[in-house]
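Structure record follows, encoded as structure tokens.
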Amino acid sequence: MKFGILINEGPYTHQATDSAYQFTKAALEKGHEIFRVFFYHDGVNNATKLTEPPQDDRNIVNLWSALAKEHNLDLVVCVAAALRRGIQEENLAEGFRISGLGQLIESGIQADRMITFGD
Amino acid sequence: MSEEASGVVKKFLYINRKAPYGTVYALESLEVVLIAAAFDQDVSLAFFDDGVYQIAKGMDTKAIGQKNFSPTYKALGDYDINKIYVSKESLDARGLSKDDLMDLKYEDEDDDWAEKDSIHIVNSEELADLMDSQDVILSF
Amino acid sequence: MQLHVVNKSPFEKSTFESCLLHVKKGSSILFIEDGIFAALNKGKFSEKVKNALENYKIYALEPDVNARGMKNKVMDGIKLIDYSGFVDLAAEHDAVQSWL
Amino acid sequence: MQLHVVNKSPFEKSTFESCLLHVKKGSSILFIEDGIFAALNKGKFSEKVKNALENYKIYALEPDVNARGMKNKVMDGIKLIDYSGFVDLAAEHDAVQSWL
Amino acid sequence: MSEEASGVVKKFLYINRKAPYGTVYALESLEVVLIAAAFDQDVSLAFFDDGVYQIAKGMDTKAIGQKNFSPTYKALGDYDINKIYVSKESLDARGLSKDDLMDLKYEDEDDDWAEKDSIHIVNSEELADLMDSQDVILSF
Amino acid sequence: MKFGILINEGPYTHQATDSAYQFTKAALEKGHEIFRVFFYHDGVNNATKLTEPPQDDRNIVNLWSALAKEHNLDLVVCVAAALRRGIQEENLAEGFRISGLGQLIESGIQADRMITFGD
């Protein structure tokens, strides 16, 4: 089955992106396909490569980058939401790309199930 | 569904349950809906809980330094987005009635372009039916 | 006496109810942002707020009321203030507690 | 039938109550994150949830229950699942609605 | 108060009303409290509403991929932070009792280092009095 | 009178920083002093110079920078919260500085009133 994921909150402040990550990983392990992970609202803040959490904490940005590399995931950051919040090509982490909201609608059309994580 | 599923028409429901201005969700949800209009999908909007405040009339945002984006809702009809469902219970709990909402209209091309109401006041059971009949639900 | 600032809609969050449970008689309550929805007439919380007016001074931030189109719906007895009035209230009270 | 996901504490937000008002009989409700506090015994919402069990299948995400130290407090009749079970539920239902 | 007000001791109250892990406020509030300990101020902590869940015992966060920071609360006593007020009403509403909370202790240097409870269960009136007597209230 | 301001949320998503800005401006206009504005939690996201909101929207970051310049405001971003969220010297906007949580406590001690804006 093909899943589309929408993430509306940034890292650390809300658990949304942790939950989305665990869900995505579990879906991939069960052999499902992830059509796309779309980052909207504060969700775009998951895509900054300048994140450096304490040593004993998870690095959420790196977790997404690594999962994307391993499974060829499409991590899309909404351009309008990103510009509002200071995410641009120059601080974009590996594995993410910036694109338009149309990519979210397309995900809704192509995926069998769309799941939103947020606050 | 195949990779090349062009021509697929799905039922998309956008759920709005948060008040405007206190958070950005109302504005950024509206931005999604405007983009969605280009995709020829079957789009509905539901406003309930504090979401009903999003389409209240008479907003004046000058003194808080934010843009009043409420006129954009009036443009939805021009984008063929005219299925707008508003919870009666949510209005009642807030002491609001349809008169407190903006007048959202569209022109029905199947009825000689007659001007019609986009807003449908529904009760919670009707809302539950609406939600249950959707393919994709986006909540912000 | 302290100034208690409530910025959440009482319909969405339990913040205002918790505030009411913990505020000493004679204190002031200021509604800002989505908190102003508690200050309106004819809603589910109107009766509760009307009763609260007997024990507290209650204010609402007019810029937030107007932004949300609720200008004509504010309950009698609640005083509308602007940001300058907010500053005055903060200065006049001993401390400011934000109910986040 | 759809899967309704609630991620807010019923003590903090009205999300769960709104969900209950709008969910069709026979649907499934899954508590995740701070939503799991609705799934516990002996609290203010326990009676409401117990009644809801007659009309809905109710699940709670065990990783979130354990993280919050609530392992032994989950109400009878609520099924604990892990992330893999969450994926199964999403796949088995026609659509997933997140009550944000 | 003068610019050079060194030696000033104010009453600081840290209010915790949110559950842990669902949001970061509990963790980052704790980080402030630990820093505050170095400033020789009169520090109190209040836990009410969902904040009481912050000091519940038996947390096991492995499966959500977050760090269990609850042991840090046990260290507060060593930093002379031992005025911890917990709402009885909030515990009751959640079906919790003091037994469900971590055992937070401190050694009282004025009483031959006797080990004492840091946690005081208070009702809403006592909490209101506590809040009303503070110079600075930080809410997260 | 001397005010200390604490901002716990980022720009745009919550109104907190708008409210804090309007409050700070009004206090300065009335002749009060602002001892410090401290940015914590997602509040650190107010300090990125990469923010580019739509033309017809306010630029919250620039508003703070300009107010700081005009009134010599001390805008302090918590270093630990900033590192968690990808705010570092290289994307720090003008008028902000990165420092420790001690600056918040000091603000509480020195200011006559401390006011928190958040979610």
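So that you can tell them apart, the chains are marked A, B, C, D, E and F in the order they are listed, and the count of residues begins at 1 in each.
Here is the rule we use: a contact is a pair of C-beta atoms (placed from the backbone, for glycine too) under 8 Å apart; a residue touches a chain by one contact, two chains touch by 3 or more.
The model shown is predicted, which means the values in this text are computed figures rather than measured ones.
Engineer: Could you name all chains that are in contact with chain D and with chain F at the same time?
Structural biologist: A, B, C, E
Engineer: Tell me, which chains sit next to both chain D and chain E?
Structural biologist: The common neighbours are A, C.
Engineer: Call it same or different for chain A and chain F: same when shared residue numbers make up over half of all numbers used at their interface.
Structural biologist: Since more than half of the residue numbers are used by both chains, the interface counts as same.
Engineer: With chain centres set to the mean of the C-alpha atoms, which chain is at the far end from chain F?
Structural biologist: D
Engineer: Distance from the CA centroid of chain A to that of chain D, rounded to the nearest Å?
Structural biologist: 24
Engineer: Counting only Cα atoms for the centres, state how far chain A is from chain E in Å.
Structural biologist: Here chain A and chain E have centroids separated by 34 Å.
Engineer: So what's the Cα centroid distance for chain B and chain E, whole Å?
Structural biologist: Inter-chain centre distance comes to 43 Å.
Engineer: Just how far, in Å, is the C-alpha centre of chain F from the one of chain A?
Structural biologist: Whole-Å distance between the two chain centres: 27.
Engineer: Considering chain C alone, which of its residues make contact with at least two other chains?
Structural biologist: Correct list: 7, 11-12, 14, 33-34, 63, 82-83, 95-96, 98, 100.
Engineer: Got the chain A residues that touch at least 2 other chains?
Structural biologist: 8, 12-13, 15, 19, 22, 41, 57, 80, 114, 116, 118
Engineer: Using the touch rule from the top of the page, what residues of chain E touch 2 or more other chains?
Structural biologist: Where chain E meets two or more other chains at a single residue, that happens at 21-24, 49, 64, 66, 136-137, 139-140.
Engineer: Which pairs of chains touch each other in this structure?
Structural biologist: Applying the touch criterion to every chain pair yields A-B, A-D, A-E, A-F, B-C, B-D, B-F, C-D, C-E, C-F, D-E, E-F.
Engineer: Which of the residues in chain C come into contact with chain E in the complex?
Structural biologist: Interface residues on chain C, with respect to chain E: 1-2, 14, 18, 21-24, 27, 94-100.
Engineer: Give the list of chain F residues in touch with chain B in this complex.
Structural biologist: Its residues touching chain B are 12-15, 18-19, 21-22, 56-58, 63.
Engineer: Considering only the defined contacts, which chain E positions touch chain A in the complex?
Structural biologist: The contact residues of chain E facing chain A are 21-24, 64-67.
Engineer: Show which residues of chain F lie in contact with chain A when the two form their complex.
Structural biologist: Of all residues in chain F, those touching chain A are 10-13, 41-42, 45, 48-54, 57, 61, 80, 83-88, 90-91.
Engineer: Could you list, by residue number, the parts of chain E that touch chain D in their complex?
Structural biologist: 18-23, 49-50, 53, 56-64, 66, 68, 70, 93-95, 100
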